[in-house]
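First chain written, first letter: the chains are A, B, C, D, E, F and G, and each begins at residue 1.
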Amino acid sequence: MVNGIERPLDVLNNSKGKEVLVYLRGGKQFVGTLLAFDIHINLVLDNTKEMHDNEMKRSLGVTFIRGTEVLFISPASTALKDE
Amino acid sequence: MVNGIERPLDVLNNSKGKEVLVYLRGGKQFVGTLLAFDIHINLVLDNTKEMHDNEMKRSLGVTFIRGTEVLFISPASTALKDE
Amino acid sequence: MVNGIERPLDVLNNSKGKEVLVYLRGGKQFVGTLLAFDIHINLVLDNTKEMHDNEMKRSLGVTFIRGTEVLFISPASTALKDE
Amino acid sequence: MVNGIERPLDVLNNSKGKEVLVYLRGGKQFVGTLLAFDIHINLVLDNTKEMHDNEMKRSLGVTFIRGTEVLFISPASTALKDE
Amino acid sequence: MVNGIERPLDVLNNSKGKEVLVYLRGGKQFVGTLLAFDIHINLVLDNTKEMHDNEMKRSLGVTFIRGTEVLFISPASTALKDE
Amino acid sequence: MVNGIERPLDVLNNSKGKEVLVYLRGGKQFVGTLLAFDIHINLVLDNTKEMHDNEMKRSLGVTFIRGTEVLFISPASTALKDE
Amino acid sequence: MVNGIERPLDVLNNSKGKEVLVYLRGGKQFVGTLLAFDIHINLVLDNTKEMHDNEMKRSLGVTFIRGTEVLFISPASTALKDE
């Protein structure tokens, strides 16, 4: 299930091409397909949607997110189900 | 569609010469044509417009934006359509 | 009981595979099984639950948490008992 | 018009000797002639005026501004016209 | 009394195995036995108690505290006496 | 008038022995004679006065100010005249 | 009077063994005898007293203060006289 996660960035590598929830420091939440990341946790999401109370607030397309603002990253399938 | 994005900065490189929405930490939003960026995500936009509720608040011309203040960067065409 | 803790990261190493409480700067609390960490205190938790007043707020699955947001990490068994 | 801007700092180099608007993180705005800058975006302005609602609040003379506080820098001619 | 303190970290070294009060940036206070620290002031406390108005709020067990959140560290015997 | 300012720190070097206004991030203002500075913009002022609304709030003597808190530094003669 | 201050840290070196006022970012003030400091401005004070409105709030003993929280450091004799 969570095989092969030796270092934290492994989980981001496993998430490439999958839909993730990205939660930022100020409380913003984005859902999108993870296209790329780097060691600073800078991210690029495709089909990015800014979320508010589990509803889409606006569609943002291919979006660059600066890593130092990221609080946590979860699989969208799990994170959006139970909120 | 999003070919050739291996690293997060690739999406900024692809956005050069295109109109982007830049969202800063304190909530400020700018729209302008991306002229240049560096690894600190310092940006230069041309024809920069400071936005407020999808309306132009003021025109700023060629503007340098410090990277550590950037939260996310999206294509202006998508980001401004659905807000 | 706490043998073999020479450096702070040793306690994280001892916690691998165990359930921990992770408290973030903005007040968010997560409980989950520690899968991985690095020297920046970036963490991956499995079966992550976001907590609010000792109750589960939402289930997040395998979650990456950025280290610079972490305030403290405790064993979940102790931390959730007495709150 | 914006020729020769390869990197973000090029626009600061082009602005030397010209009047710029400097907007800081806490909301302070300064107008002055850009005398010098470095890679940390530390700035020196001449004839610096602290602005409030497009009016001069106080005159500060030759002022050193610490780069980590800078949010954006624009040409004063454009930025002050439309506010 | 305070012999042998040449550098600030010496006082942490002298405090190993003793009960300390750790005060964090957001106002949280912990009391526990100092097990380990590093140059980033990351700490591990044993028998950690989160304090509120000199009363124990909850017991946290062996706790990792991230150094960048630490404001000050004092001997618990002195700090809790006069508050 | 402002000859010889090639880099931002040159203006601090020119200000040594002169009275400066130092404005900090949280809004505190100090006036004093600049004795020393380093590349982190750590400062030492002599005859330091903490100011509030152009009035002296308290006298602090020879004061060390940590650079990362500094917002801007101006000549006291200009800055205090027009406020 | 202030001879021999070439660099900002010289004033801290001159203050060793003397009573200083340490003012932190969040507004906390400490008075104590400076025992040690390092280049990060980490400090150790002896006989540390947390102050509030020029009155002692609590006695903290030998206290480690993390440098990144320090705003300014003044001689206690001057700073406490005129407040």
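Throughout what follows, a residue touches a chain if its C-beta (ideal position, glycine included) is under 8 Å from a C-beta of that chain, and two chains touch if they have at least 3 such contacts.
All figures in this text were calculated on a predicted structure; none of them were measured in a lab.
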item	value
Shortest contact path, chain C to chain D, counted in steps	3
Chain G reached from chain E - shortest hop count over touching chains	1
Averaged-CA centre spacing for the pair chain C and chain B, given as whole angstrom	35
Chain D-chain F separation of Cα centroids, rounded to whole Å	19
Between chain D and chain E, centroid-to-centroid distance (C-alpha), Å	44
For chain D, residues contacting two or more additional chains	68
Starting from chain A, with chain C taken as the next chain, the full ring order	A, C, E, G, F, D, B
Of chain E, residues touching chain C in the complex	24, 26, 28, 30, 35-38, 42-44, 46, 48, 57-66, 68-69
Footprint of chain D on chain F - complex, ascending	1-2, 5-12, 21, 25, 41, 67-68, 70-75, 77-79, 81-83
